[in-house]
Amino acid sequence: MQKVGFVGLGLMGLPMARNVLKAGFPLVVHNRTRAKAETLAAEGATVVDSPAELAAQCDVVLSCVPGPADVERVYLGDDGVLARARAGQLLCDMSTIDPDTQRRIAAAAEAKGAAYLDAPVSGGTSGARDGTLSIMAGGSAEAFAAIKPVFEAMGKSIYHVGPIGAGATVKLVNQMMGAICTLGVVEGLVLGARAGVDPDLLFDIVANSSGNSASLRGAAPNILKRNFEPGFTLDLMQKDVSLAVQMARGLDVRTLAGSLAEQVIREARAAGLGSRATFALVQPLERNAGVEVRGKEAR
Amino acid sequence: MQKVGFVGLGLMGLPMARNVLKAGFPLVVHNRTRAKAETLAAEGATVVDSPAELAAQCDVVLSCVPGPADVERVYLGDDGVLARARAGQLLCDMSTIDPDTQRRIAAAAEAKGAAYLDAPVSGGTSGARDGTLSIMAGGSAEAFAAIKPVFEAMGKSIYHVGPIGAGATVKLVNQMMGAICTLGVVEGLVLGARAGVDPDLLFDIVANSSGNSASLRGAAPNILKRNFEPGFTLDLMQKDVSLAVQMARGLDVRTLAGSLAEQVIREARAAGLGSRATFALVQPLERNAGVEVRGKEAR
Amino acid sequence: MQKVGFVGLGLMGLPMARNVLKAGFPLVVHNRTRAKAETLAAEGATVVDSPAELAAQCDVVLSCVPGPADVERVYLGDDGVLARARAGQLLCDMSTIDPDTQRRIAAAAEAKGAAYLDAPVSGGTSGARDGTLSIMAGGSAEAFAAIKPVFEAMGKSIYHVGPIGAGATVKLVNQMMGAICTLGVVEGLVLGARAGVDPDLLFDIVANSSGNSASLRGAAPNILKRNFEPGFTLDLMQKDVSLAVQMARGLDVRTLAGSLAEQVIREARAAGLGSRATFALVQPLERNAGVEVRGKEAR
Amino acid sequence: MQKVGFVGLGLMGLPMARNVLKAGFPLVVHNRTRAKAETLAAEGATVVDSPAELAAQCDVVLSCVPGPADVERVYLGDDGVLARARAGQLLCDMSTIDPDTQRRIAAAAEAKGAAYLDAPVSGGTSGARDGTLSIMAGGSAEAFAAIKPVFEAMGKSIYHVGPIGAGATVKLVNQMMGAICTLGVVEGLVLGARAGVDPDLLFDIVANSSGNSASLRGAAPNILKRNFEPGFTLDLMQKDVSLAVQMARGLDVRTLAGSLAEQVIREARAAGLGSRATFALVQPLERNAGVEVRGKEAR
């Protein structure tokens, strides 16, 4: 069985790595703050001190870290994966970053003879825990076929979406669409509340009408309960939407709504809401309109 | 059994009226172009020449017409419903218009002793045909209780959402949310296509991820097939979003995304797409980006 | 010499009417709150109780009131100007409203045989006081020639810009351009202040570079002094920009920036700034960014 | 007299360097395509093959190149200025780029003991030719005092605006303000034309009213003549506005209008207008509205 390495044991990476281990793969892990890695050591994983050391021992290297600079550090840093990558090795970054960075790292990996895939995921922390993530991978058909058994330990819907960068592209488009819907949700909820409509009822009706969206279903019940504990934070949403808008810039594609979403997220971050749930976007609008979208449970 | 009148036999009104008739209510109908009314005459309805004449004969008057000016004409015109309205009568407009106009007509109706409700619907022409519409009614609890049996002939999910104007408010919020999602859908699809991702695959993945929405499910399969035949036209979407944004203006609620949606719809209308399906919004973006979101079926 | 009537003695109308009187025209005035009219009575004007009464006595009727509903009341109301208008009379509204309303009133005036012009002004309260307004008139060439001597009592740059409605159109375009520049000014000032640049210096440099505008010259010195006393209020700016955006709606012209300006003004009004100067737009941005654009004089 | 080096002899750099030479400073020049440098050789300058070689010979090094990547190459490249920089030398980049890049290069320069300033200019090619540029410099007071005589050869209004990065900040704010005004200008002109107003007259009136701006004065006369020959191109405007919006992102400052300007510029670039004048922004709007802003001279 392939020996698997996993770099980056955050809210997503830790449960993803654990599922790889549970599926029976020998697992080596690395995390910047070692404490998180120790959790998995107790479950049978080997902990190492650098991505390079991890790469030296593994057939397959997976990574899941916050942003482009982190991915660059993991692969291209002094003690990064590529320092010890070799021909025949499978490298796969599962972070949500931009396609250009993925292509640059892929080129460097291929120069060492290693195969590289960009395979972001969708499904949140619960999908990561339950092994039900969607995985959208870019890279060669051969590399995809070879790594698929490992993906199957972590996800349920597994797609080969095209060459290197295609995974990142699909993920960023998804994130941008979701952010734009979220923007519509918070505007609509505040408008309804200000107009005096019962917000529980408004949610029930729209959730069964043409205005429905995954964003509405995810956001509205929590807003009604005044629960802004993050699954996914505004800071991360800002990163994703900014990357999508920058990708569009490079392609000269107009993204008026994507760009508006980025600005409204920025406004919420400036208001100190960056570490709250994405739908905390509603709060600056509520303050401005002098109204709260509060459901009967929270009254 | 209450004698019901129905004014406005368009794409929505005709099947709605037909379901009232099928449910066993004696039905009187009026339409500006009489030909459409004759269809229902063959099925047992009585055709009259004006809303006033219709009001003179019926216990319950329903109406479903395009915009605020049409609703005003139907109720407040020289031969309008209110010319013959009387105490104890139930009047209910089911068009999608603004709450202010509905409140103004309600006041005039009440001056005649008639009860008035605003009860827009959701569910499109198929919902109208199958009697599975959502109906969101504003008005007094008594009027709602009295008219409910008639609603049940036309719809499945029937809500009393508050006083007069509440139905219109909920509907406009729903329409605005849907339009904003549609805007995100077309931006995302064009961005993905321009970045070289397979659009069928992109749709499959996003439809199962956090970017999903009723707008995506409604729009993307048709865009992929290059089918822009309208269920719901851009002209009507423009009307609804404009009404939502104007409602927000009166309440001093910021609707950046709603307002952006209105502008982008306006641009598509100026490009001659007003009578096409709402998701024809994609076409100006495609032209600008030099790319088409075309699925494998349509290639 | 023509006998002139002036309806609407607000911040603009009072000094405009006074200049007509000073130029030697016999003057009749009407104002909703009579007290303001009495000021001019002391200077030689005759005060009457309604626009109709004023129309009955005058050869030329001028008006300057806040919005479309006010203009409609002045001309089309029960005791409005048109109730007593007659052939050969010159009627001229100088308010800033939409071209459609002006055309509707003009048609009604012409039905009485009176000539009607729409002639909004530019130049603010100081221009009104000093008789240096710009006047942009729409209407027939004959009517323009006939009324020109009266315009010359109030303004310096006097333009015949086309048929009825043309005056309103030019004025609304000017207002929209100015509002968009103001939006740019406040965004730029806040960005500069947040980036740590001295705001006095920033103003000096931009005012002499390609970023300069009448909006910058009008707004920045007052913002730096933290003086938000209105010449021109956000409430009035909102009215004008809304009218411009609605005019564009009727013509299917995309006005992304105009529409954004309207939204940002709406946000400022919701924050309670409607009666402050237009450049109080800066305040919500300052609060969000946690910074103030304060010049050395105000520190 | 200080020996001056100038790197980057483009539309701006060539006349700027020539003015340094005319003022009597011994001049060394370098340009990627040597041909342009030879023009100045004929006038007395020395031509060298790399920024490093230039730095080796000069007391003061100036540079003016298109974007951040170019500035990085000039200073930090293998044969860049810093390869031969030394204590006591004055280095000054006059390009329009972002403050972060300037700060990074400044830190590297200081590590070699050299002083570094960022000093972008305003005034266009005519200002460069006539020596009447505005120069806005960031850096230490000592460095500014030492380099001022060289600035005086190129510009008329010379400002020390703060520490390193302040020059770039002021310039980007100016560029963003100008782009936003330009956006307002083209929207307003198209709206006016579509509403049937004479565009020459519209320009005359607005240019003397509250809607006036440097953007209007620069753009409208050329649009009326249908002259889109660039002084300043949309490609460069896109670069500047993108840098401003990215600077704002790093500071969490909301720039709704700046961001909208970026999107509309992007749209014009996608339509093939990148190398045209900035006010070619008007063309996609004209096409959409089915109207042209054409003055009487060009009819």
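The chains carry the letters A, B, C and D, assigned in the order they are written, with residues numbered from 1 in each.
Operating definition for what follows: a residue touches a chain if its C-beta (ideal position, glycine included) is under 8 Å from a C-beta of that chain, and two chains touch if they have at least 3 such contacts.
Computed from a predicted model, the values in this text were never measured in an experiment.
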By mean C-alpha coordinates, which chain is most distant from subunit D? B
Homomeric contact subunit A-subunit B: same or different residue positions, threshold half: same
Provide the C-alpha centroid distance between subunit B and subunit D, rounded to the nearest whole angstrom. 52
So the centre of each chain is just the mean of its C-alpha atoms; given that, what is the distance between subunit A and subunit B in Å? 37
Cα centroid separation between subunit B and subunit C, in whole Å? 38
Shared interface positions of subunit D, touching two or more other chains: 248, 252-256, 260, 264, 267, 270, 288-289
Which residues, counting only subunit A, touch subunit C once they are in their complex? 256, 267, 270-271, 284, 288-290
Which positions of subunit A touch subunit D when the two form their complex? 242, 248-249, 252-256, 259-260, 262-264, 266-267, 269-270
Touch list for subunit B against partner subunit A, complex: 99, 122-124, 134, 136, 157, 159, 161-162, 165-166, 169-170, 173-181, 183-185, 187-192, 194-198, 201-202, 204-206, 208-216, 218, 244, 247-248, 251-258, 260-261, 264, 285, 288-289
